[in-house]
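A short worksheet on the structure shown next.
Labels A, B, C and D are assigned to the chains in the order they are written; within every chain, residues are numbered from 1.
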């Protein structure tokens, strides 16, 4: 067994103890299947309230790629694709799950440029799309004489936090949302790590803002205290008459759907979701400050639970004996970019142990 | 909250307490993602041993439709379809999940005929395919001059127990397996309720037999003591070089795959899976005998945990006040066929309570 | 080279000479691509006029399976399938082209029963669906508690003439159309051999009736005097905002689309399509009468260009030395069902030659 | 009717008169369906001979997108995508036909850079991929720890001539082929305009070279003298046991397949294909020289039938009154890039007329 301390990702541990407790308590209750139970209803109600959108449709799915694939398939017509950053999870790391459903991922090229500035290498724009680039892309599409021979932009995908830990500001999201509205293209926000975005000290975006500015998003559970599960929210209603068969068709309809409902019901009791998200952020800040103090260069200026730093290969070798980290990319022949992720369960002691090895 | 006793299905409750206990114990251990952890490895090893096939490839997926869709997609070439009974889950109750992956379900028509005999209406052949009908179907296909304009039979799907609770005998499975081998068509056994099939008093099929006679099958967890999960076994190896991206592409690769491994590791410790399966069978027998004693007509002669009986509509109305049952179909204008399912957690008291209302 | 006279199918010859003439005349004119040319516009206008539906959308595709696949994909939502007779071309003979696009073919079982009566074996109902069976199927679907786990009936496919040469009466089509309207399900009529249906002496259905009673149909060219091509008509407009990219996506958008337009423009000049269709019918009647006179048993009572008869195997062997016929099926160990198809170019002499060998 | 002279594309006219002649001659012969006739056999034989690969499998399809979609679907496993230039037809202009079949197009970014040099703006590298960039892409893929979560490169697509009229040299193709062999990835060459590539004065690639260096390619007919059709060649054999159902499934199996065979049989009689290709090249050279003489700036240094030039918007307005051209893109606010395409039927007089308006 590998006993090294792990900062390699935010999905290495089980669930918040309150969730396990609730699972124990309700274990022999008999529930209705496929998400028609009271826990799903309660969780959905709480989410609607928190989002300030009483008319929202809420579904619970088991994981991120599954949620992305199913949501995008619900949003798109057959001749449409989804616009995403080149670095977007749907573009890069889902083994073609979107194409498997018949849709192209239309990537926005060149929107993110590395910049050297101060303590970090990349700006906070990495992993994000800009309203400007998006508008240009869509406008160019419609201006192209041959656009009926091309894939129509039918939805816009963003992740928040992004795969690089960065966040959209309220202004940025408003601008993107405004472009989407102008072209009647739904905006989808992948919130696999949404809790960590909302809890960041450097965000001015609230859950209600997101519900207002997007057409669909999900509140990640897998990486934020749940055993597994993502709560998919369509604030203005789901744009298909029959979402259940679509979900079923994707192999995404859990028989014991109440397992998902129960987890989100618990996470949205007594602000648990937000409290544990805040822990990850505090631990990430501790880590970030420690890195800077020790003279490490940050790779990206991440305001959330994923921190990226550049480390010499020799030192990394030693670190690897005690710590599991995420390999990100080679910085150059001598140095490596690594990801260190905190999560809902990371303790101050964990960070201190890690710092001891750095 | 609905406090009626439930016999409506075998996926209404949580998980065997030993599984919850293991989840508690390991909750803060840090695991590798996507099924690369030690629990998955252990569970796979135990399954290989129980099946007597050390070279088997084992994967853990979250649910039945997901498993069926992914497995069939792995087995089939683009121009092939899967042969199944008209009543097979993949043919009838998966919202087109197989077609969503581009494949036709080729149904064997007329293999099952209702028969009135003795205490029950339908024979034990309901829900099953026969080697004879299968062979005839495949032979006819290849004899058809135009078969290159038709969908090739590329895999055979059976469920065991079937959707009607019936079981294949060893001889029946050998014959089907032999037809499949003759035509080099892989045989896939959907074992969503496999435990209840293996634990039946009226079976001569062992897990080793199944591993020997099929090319892929799964050992159902969702309905047999696990919180969720199905263990997919390819006894002779998985016929694709890269199963992981295929699973990922189907949205079926759980980030915390160890949740599945841990559950099956527990189920295959100290024969737990078999013991709790036996409980469901014993309770089903108690129920079956009770029904016969009370003069109820059985609809199908089911040797497993699903029992089907015919009940007058008036009586059903009263029953429904106290018991949740599964509606199956209308028998005639006055009577209804209902399904009553026991499971790993059903108690003698549950059955007695139920019988009190019948 | 095979010099035997051919009655094996209705797609063995080129095109009506007037079409070749027009191709010669216009060969060096420079046309706009992808169906945006004047010939396509003219042909579409004539078809709109003939169908009495000035608002119809008309597209020209190259073949039957391509048309079926593209049309059905346009009609269906992802969670829907197309209802068809078990014998329907889309169900049986398109190598899974519908499933390749992600949709299930929902077959109506048992609607057609062989009947022995008078001079032929099968009734005129073979190959057809009935309004009654259709209604029962759809009603059962919606009554099923679990229908959200099943494939929704999203379109109805019929062929006219059917694959067996039979025809719907006006009353039958009205009834089917009425069931479709009741459930808001579009009705699609595959008219690969439509000319031969319209020209039959035993039909009371006109092109205008078909345009009125269906939501989409096509006027077959490949089998009725064109070199190749099918004219797809949506009498009430095509139910997608962007049909061109959908057609392109199916690989079905011919660069030189005017080739198709020109052919249909010619076929719908001076009633050519109807005149040449009539020829096939007259020749089929000649053949039919000849068969009866010679004591042959008809297999199906076909009022169109495909005639089916039962012939002793010995006699068939001799026939095969001089005539190419279509093998249909074994009648019994001594006799075979064959198809003899006339077409727009069949001559009286051809039929007489054939009769000489029978 | 639009009587302006047209240089807008190479698919505006019918077919070489010899093809029409052959269609007339054979019009009433009776042919076997679906490509099983003697013309298809003859055409395939001639192609095998010309390519120097007696074991090649040859199929005839109706158009480019259809061919690309079907070929790529035959080449790829479900978890694989096709690597192409960003500007490749399959990446940019097929309305998502590849994704419709479930596969991702993996684009090689940044391989082509605009360069100002001499008489033209872009270098001859535009539209092409380089062996170096390809190798780097594939090597990076396999080095990525997470590549099992990504789309595998399963085939390489190049067009020759490219969408920009440019050509690969023999050395360039050898290097690309060598990278493909190193990684066991099949190489597919889209030859929609292959004739014009082979006839260029600035090529050292022969048909035999292409057959040797690629795994599949097609010889374009639609744009090179045929009415329609592309001859698909798998020099080392087609990598599926059953290509016919796959082709059928794509709606790509023409009932009167002999129409395609007859055209290629004619094109490959007496070197017709090569002679008429040469005409297009000679006319393109005439046009190119004329443009340079008149002081026009070339946009790309194209050695084939597509010529690209930059023209002032005012002048373009006048030109448009007499000439149909292809809009390519805006050069800047005052000038436009246009495409002028010659073809197998372009006459010296056509070019002179055009030059008169320039």
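Simple rule for what comes next: a residue touches a chain if its C-beta (ideal position, glycine included) is under 8 Å from a C-beta of that chain, and two chains touch if they have at least 3 such contacts.
This is a predicted model, so every value here is computed, not measured.
Enquirer: Farthest chain from subunit A, going by the mean of C-alpha atoms per chain?
Expert: Max centre-to-centre separation from subunit A belongs to C.
Enquirer: Write down the chain pair in A-C, A-B or B-C that repeats the interface of C-D; the criterion is over half of the contact pairs matching by residue number.
Expert: Going through A-C, A-B or B-C one by one, only A-B repeats the C-D interface.
Enquirer: Compute the distance, rounded to whole Å, between the mean C-alpha positions of subunit A and subunit B.
Expert: 34
Enquirer: Measuring centre to centre with CA averages, how many angstrom lie between subunit A and subunit D?
Expert: 42
Enquirer: I'd like the Å distance between the centres of subunit B and subunit D, where a centre is the mean of that chain's Cα atoms.
Expert: 51
Enquirer: Among the residues of subunit D, pick out those that touch two or more other chains and give their numbers.
Expert: Residues 78-79, 94-96, 100, 102, 148-151, 244-246, 248-249, 253 of subunit D each touch two or more of the other chains.
Enquirer: Would you tell me which residues of subunit C are touching subunit D in their complex?
Expert: Residues 1-2, 5-6, 9, 11-15, 17, 20, 23-24, 26-33, 38, 62-70, 94-97, 100-101, 222-223, 227-228, 244-246, 248-256, 259, 324, 345 of subunit C touch subunit D in their complex.
Enquirer: Would you pull the subunit D residues touching subunit A in the complex into a rising list?
Expert: 78-79, 81, 92-96, 99-100, 102-105, 109, 145-146, 148-151, 327
Enquirer: Considering only the defined contacts, which subunit D positions touch subunit B in the complex?
Expert: Going by the criterion above, the answer is residues 73, 77-79, 102, 148-152, 240-242, 244-246, 248-249, 253.
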